[in-house]
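The next part holds the structures, each set out as structure tokens.
Next come two complexes built around chain A: one with chain B, the other with chain C.
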Partner chain A sequence: MSVILILVLASLSLAGLFLAAFVWAVRSGQFDDTQTPSLRVLTEDGPSSLPLAGKPGPETITKHEHRNI
Partner chain B sequence: MTSLAPPTPAPTADAPALTESAATGKAGPPPGAETVRCVHCGDPCRGSPAEKNGRNFCCNGCELVYELLTENGLGRFYELNQQPGRKSTAGNDASRWTCLDEPEVRQKLLDFSSERQCRITFHLPAIHCVACVWLLENLWRLHAGIGRSEANFARREAAITFDPRRIKLSELAALLATLGYEPSLSLGHLEKKGVAPVHRRLHLQIGVAGFAFGNIMLFSLPQYFGLDSFSGALFHRLFGWLSLLLALPVLLFSARDYWRSALVSFRQKTLTLEVPIAAGLAALFGQSAFEILTGAGEGYLDSLTGLVFFLLCGRLFQLKTHERLAFDRDYQCFFPLSVTRRKGGRQEAVAITELEVGDRILLRHGELIPADARVTEGVALIDYSFVTGESEPVARQPGEPVYAGGRLTGAMVELAIEKPTRQSYLASLWSHAAFGKDREDQRHSLINRYSRKFTLAVVAVALGAAFFWLLKGNTATAGKAFISVLIVACPCALALAAPLTLGTAQRWLAKAGVFAKNTGVLEKISDIQLVVFDKTGTLTLSKAAPPAFYGPPLNPAEKRLVFSLARQSLHPLAARIAAATDAGQSPAAVVDFCEQPGKGLRGFVDGHEILLGSASWLKTHGITATPVSPPGAGSVAHLALDGKARGVFGLENEMRPEIPLLLRRLKGQYQLALLSGDQPREQARFRALFGGQAALRFNQSPLEKLEYIHARQREGRKVMMVGDGLNDAGALQQSDVGVAVMEKSGAFTPASDIIVTGTALGRLDRVLAYARQSARLVRVGFAISAAYNLAGLSVAAAGLLSPLICAILMPLSSVTVVVFAATGATWAARRAGILPVASQGSASISNDGRAAL
Partner chain C sequence: MNIETFKYDNKIVRAFAIATIVWGIVGMSVGLLAATQLFWPAANLDLQFTTFGRIRPLHTNAVIFAFVGNGMFAGIYYSLQRLCKARLFSDSLSWINFWGWNLIIVAAAVTLPLGLTTSKEYAELEWPIDIAIAAVWVVFCVNLFGTIFQRRERHLYVAIWFYIATAVTVAMLHIFNSLAIPAGWFKSYSIYAGVQDALVQWWYGHNAVAFFLTTPYLGLMYYYLPKAANRPVFSYRLSIVHFWGLIFIYIWAGPHHLLYTALPDWAQSLGMVFSVMLVAPSWGGMLNGLLTLRGAWDKVRQDPMLKFMVAAVTAYGMATLEGPTLAIKSVNSLSHYTDWTIGHVHTGALGWNGFLTFSVLYWLIPRLYRTNLYSVKLANYHFWIGLLGMMFYVIPMYVNGVTQGLMWKQFTAEGFMQYPNFLETVLRLVPMYVMRAIGGSLFIAGVILMAYNLYKTAKAGQFLAEEEAQAAPLTAAEDKKPQKLHRLLEARPVTFTALAFVAVVIGGLVEIVPLYLIKENVPTIASVKPYTPLELLGRDIYIREGCVGCHSQMVRPFRSETERYGEYSKAGEYIYDHPFLWGSKRTGPDLHRVGGKYPDAWHYNHMDSPSSVSPGSIMPRYPWLLTQKLDTAPLASRIAALRKTGVPYPAGFEQTAQADLQKQAAKIVANLKTGMVEAPPDREIIALIAYLQRLGTDIKTEAQPAPAKTN
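Right, the complex of A and B next:
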């Protein structure tokens, strides 16, 4: 029967992980604008074209050294 | 204007009328000759288009932008969408933006600022397609000082990070303007930062509630299915404790707003729906905690968390806002940020807030008069239609006063400021008491009217059941019955009925081009008795119709002559004539052109003398005008060719085509009224349309409009005002439901409850009927949830409520109401005729990004 205990703990911690991921997603603003990403995905032409949030793309680093968002 | 127009007009500041007339040609290309379209903006190329490497451009401006983009590796812009550009009307006049570098202005505009990095969010109304998003997010390729930029399509915004040491804010704005994305900066931007209605907390609350709901449900299921015997008493207690632990954050975080609202309504001694909800939640949790702690049972925590989860989902559904539209704009959002000041022989851009009495300012075609002023140089032709409702532009000679809010058409003038913007005639309207009142008065909403009766009934039943069992001497059952009644009566389904039904209705309406500020507005519509219309821009089209020609028809050669002359003038009537006579022909050179404001035009084309203007203008040149008076009562322009009167252009303010039908449909059900700031020229025409009963008032000042609405309200009538301009702002504010008409997306609309696109105005009667129908559906939803409550109450009052019954009854009632609300509102939308016609409107207005794909 103690296997149920392990299963309960496992399921709870897994669900907790998902909740944490959701909290992170909301906090980082992923739910603020749900329309633009659907357009952006059409223009994706390689990882270098869009500097990711907070991190400059490789091209931008070589272009200007000041980026430290 | 010079007498010889360049063959390819560059989009400079002094020739916007030419580019505009070219832009109007975009909608209906001249028949016959195959039109060559500009690679950048898609406008037809006329005359001798600039051509480069087999690509055609309509003007030098577009060519420059094309080169700038392709040279910087941004050629993909043109692959993502056909002719994605917007013609830059700003020109290369970078000095317009210099006031952005003033420390005070700059500080207020920037989101974030440090020595090495700044961030600004610009509102760019020109964003319209996927290529725009791509270009704006690749701005860093154009300038080394620009870092990351992020576009928000729904809000038409771009957040741009830049290095202030490498690029000044004014240069950034000028760069965007050059690309065709002119930042929209109004005086209002200085007052308050655009507070984004981000619902992050609500998302988190839903996430937590959903997490707890799912897990507690898993713990409860074994008990419902009688699986306890397998797991034993230990797990029974463990599951209970775990559930309690999971329910705590739901109670304290997710349901926080309900506690708070209940507390507020308690203090205000009103009974809102939050009171029984909070009571139900408290009873649920109290009973559950008691049962779990004493080991007496497993509690109702699955019902509790499920309830909170459903309620929050309903709230999220209701909170849908139209992010592109601002419903609370005042005059400050109408005025630009800066104006050109002439000081000591040089020109400088200065923020409007810095303007002082006595300052001399320069105003160009299309610019707004920022403050009450006096003309000092040049003859000003001013279009007050948005401010006063007057449809014809007026001419003002040097020395005469002009008022804030008017738009200059025609040649540049110099003005001397007489009053600061804040004290202008226009701004004085906003000090009226109507603007102080709280528009969010929800006390009379449908749901709150019910909740009061509901709450009282629930308390009565709970106490009655408790007394009944006490009299029978059964104290334990009395306590249980009291708590059970509170639990079962928790009006979850009731709380969902209104937001779901009205929220669905709001969505369908938005597809049809009618944007309601919130769901409460739809409830208010159902009480409307009187519908008041503004004339200019509301019933009539603000975009002028092609003028009709009265007289022997013009042959193509004559058309070319008139076109060549009329296009030289910036006067709006001349521009309309030019557009009407434009058959794609290349214009001829005009010799000895002269224009007398308020009178007319004169010039020689290919040796022919052409006169265009008033009858007296022709008379001064010794020609008797044709005694034709066009049937419509709009303004006229007489035409004379080679010394002979040729005919008359009738320039009517064209009525929206669907208005007569709309008024006929509304007449039977509502009282109607017309409030116009214009002259009573067209009174007879509107009398016929509105019928003998309706009040028709002309020459109304903004304040008189407001007073009229107020007077009708004092008579006990619920009034809807339909208007578009600043002159209607007071009336829109005072009315019970204010409807602002928006001609093109992104245009300024005064504060209102509903924004309706011009094309959707003809369906106003259907919108009204649909809103009434929706309110009826809400009542049916109430009845359904009341039936569930009644069933639950009878079980609860008998003291027989169990967690299992609760766990079935609560979600079942909620789901029934949700399904009913969504399907009912959709069915009603189809029946009211909101849906089928909607498809075109939605493609162009709400979703034009995808449409452009």
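Right, the complex of A and C next:
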């Protein structure tokens, strides 16, 4: 079962890589703000965000959201 | 602040979206063809190229890598640009990614029906295509990270984290699992043998589900669901916890595919524990998705795109609760090898991946074409037809799984097997197979509706190829790290060094890993010997025809299995099996102890026409094995390749191999004659019979002189 050693090493180095990414993310302040990032995606848009048929335009709702938070 | 103006590339997104739809219809139709053959074997058109064993991998490859793969690239390339406020790193790399990936799929569609396969599930493609996959994946990685380094938005939205995990992990899994020694252009042998191969394969197989079908789609969910609902994700903090929890746990769950097999017990328990733990981050993600819609459920009523999304996320929740349940050993002892697994997989495949892809497409195409969806009504029809199709697919599979699992294990009051004839347990399933095919047809009908709807949408709108956007660049004061990394990437020598390093690591692995593993292949059961030349070629035919798709070679240590098949399988019996052929589904009976069970002539007649030997059998006919000449030319290169993987064929064995092969073939021909079958010795069937008769017999020779020793 020596292959288990290889798999464990591969998995651990991957986990190490993820851990390094996590540490980097925390240190560089990626997770300092857990509010605005979720809102920012909604307001990024240019002309491609068109309302679908028969529905209210997104703009009105976005403003409403902002007031709420 | 100095504002930069740049353009998003919509063309590449459209290309991937079209490919998604086309391959989706193709891949699902092949699936329907395979499903039909399970109640109507003649649906293989009497052609070897369209027989279940060969098109089943075609179906899985087409829906996973072609449908979901292209869908993933479309979804990622659209959202990544907007999340990073940057155009994709390189247009050429984007198009190399597109054409490279789709050519690989075409190559799969050609080679798999031809029987060119490694037989490792979801990694069936032969080594030249494997290398192409690795190359195209690296192109995708460079494009992804390049875009991230050029971003104008400091914060990496959670979706991007999921994309990163996907890119990195799939690269590693693919390389490790595909390590093989070539024996000609389209034939190779896995460097791992038996138990080791099984472990690597399911470490790969399970993580392919995790990092190809799950993480990229979770990333898509975190982008497209809030966009469509126009509300922020329920809890951004939970999404971060969800991400890190998921990726750290997933990688250890692979062994749950091998419960009660010859894999060591502790490895099985490890896989089971991690699988059960997985339910926590998975449900965190599902709840986060569903709760995003709190107070916005009226939108779900109006917008078919959100309907698909909600159903997809719900299916994800169901599949990720069911998965850990099936990974519990006692549940698995019933469910494994049955249709339950197929049902489970399709909850995820049709529900999660299928519906989420449809959702993203319904959202994307109108926006790319700057118009409204052609028909909301048609999209709603698609939703209900698709959902109905899914139900008709999944529920019969659950019924089948439980039915057959219980029938296999049923003993009479006198202590005999209630259903000693395996076929009886199969025939009970056939009506449900019909239902499943109906479900599949409905699902495909829905996809065709979608294709029409989206085509009409595109016709009515005007495609916006280059979408202008504005944003301020990241300044050094704002954040130093990305700038540093940016410079790092721009300095070509560094990039070159990094790529060279990757190449060296791969090269080193290919060299070192086999050497390291070969030591392990010292027989622990002295009587286990390498295959003879004829058996070797027979085994290659077994691989070519995809027999492993319906027949396992792993008798589990249950009384219900040892009664039915014989002595349970031991790890030491597989040390020369490159690749392993344990299988994961028993549409037909296990074959590990089939050697010596029937006369040669029985196998001959059975392969010619299974239903004439076993009335009602749903196994397809293999008449071409009786007529096609056995190609013995590649024998020398195959023996040499196997020797490199550690099979102890003596030096110069190639020279005597042909004569040895003729001798064994003559013996089988003589046996066939006593069974009233006249057959020439140079046909493929002879080699296959040789292999089948060898299966599981090595330990029998040992058991006779010392029966007490084996236990």
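Throughout what follows, the second predicted complex is superposed on the first by the 45 of 69 C-alpha atoms of A that agree within 3 Å, B and C clash if a C-alpha of one lies under 4 Å from a C-alpha of the other, contacts with A are read in each partner's own complex, and residues count from 1 in each chain.
By definition in this document, a residue touches a chain if its C-beta (ideal position, glycine included) is under 8 Å from a C-beta of that chain, and two chains touch if they have at least 3 such contacts.
For clarity, every value in this text was computed on a predicted model and none was experimentally measured.
Enquirer: Please work out whether A:Val23 is in contact with chain B alone, chain C alone, both, or neither, and reply first, second, both or neither.
Expert: Touch partner of A:Val23: chain B, not chain C.
Enquirer: Contacts for A:Leu14 in the overlay, against chain B (first) and chain C (second): which applies, first, second, both or neither?
Expert: A:Leu14 sits against chain C, while chain B stays out of touch.
Enquirer: Between chain B (first) and chain C (second), which, if any, makes contact with A:Ile6: first, second, both or neither?
Expert: The second partner, chain C, only.
Enquirer: Can A:Leu39 be said to touch chain B (first), chain C (second), both, or neither?
Expert: both
Enquirer: Common interface residues of chain A with chain B and chain C?
Expert: On chain A, the overlap between the chain B and chain C contacts is residues 1, 4, 11, 15, 18, 22, 29, 31, 33-35, 39-40, 42, 45, 49-51, 53, 69.
Enquirer: With touch defined as at the start, can you tell me which chain C residues reach chain A in the complex?
Expert: Of all residues in chain C, those touching chain A are 8, 10, 82-83, 85, 153, 155-158, 161, 164-165, 168-169, 172, 176, 192, 195-196, 199-200, 203, 223, 226-227, 230-233, 235-237, 239-240, 244, 247-248, 251-252, 264, 267, 299, 302-303, 305, 366-368, 370-373, 376, 464, 467-469, 479, 481, 513, 516-517, 519-520.
Enquirer: Can you tell me which positions in chain B touch chain A when the two form their complex?
Expert: Residues in contact with chain A: 76, 80, 116-117, 130-131, 133-134, 137-138, 140, 144-145, 147-148, 151-155, 161, 163, 166, 196, 198-200, 203-204, 207-208, 211, 214-215, 218, 231-232, 235, 238, 242, 849, 853.
Enquirer: Can you list the chain A residues touching chain C in their complex?
Expert: Of all residues in chain A, those touching chain C are 1-4, 6-7, 10-11, 14-15, 17-18, 21-22, 24-25, 28-31, 33-35, 37-42, 44-55, 58, 61-62, 65, 69.
Enquirer: For a test of understanding, state which residues of chain A touch chain B in their complex under the given definition.
Expert: Per the touch definition, chain A meets chain B at residues 1, 4-5, 8, 11-12, 15-16, 18-19, 22-23, 26-27, 29, 31-36, 39-40, 42-43, 45, 49-51, 53, 56, 60, 63-64, 66-69.
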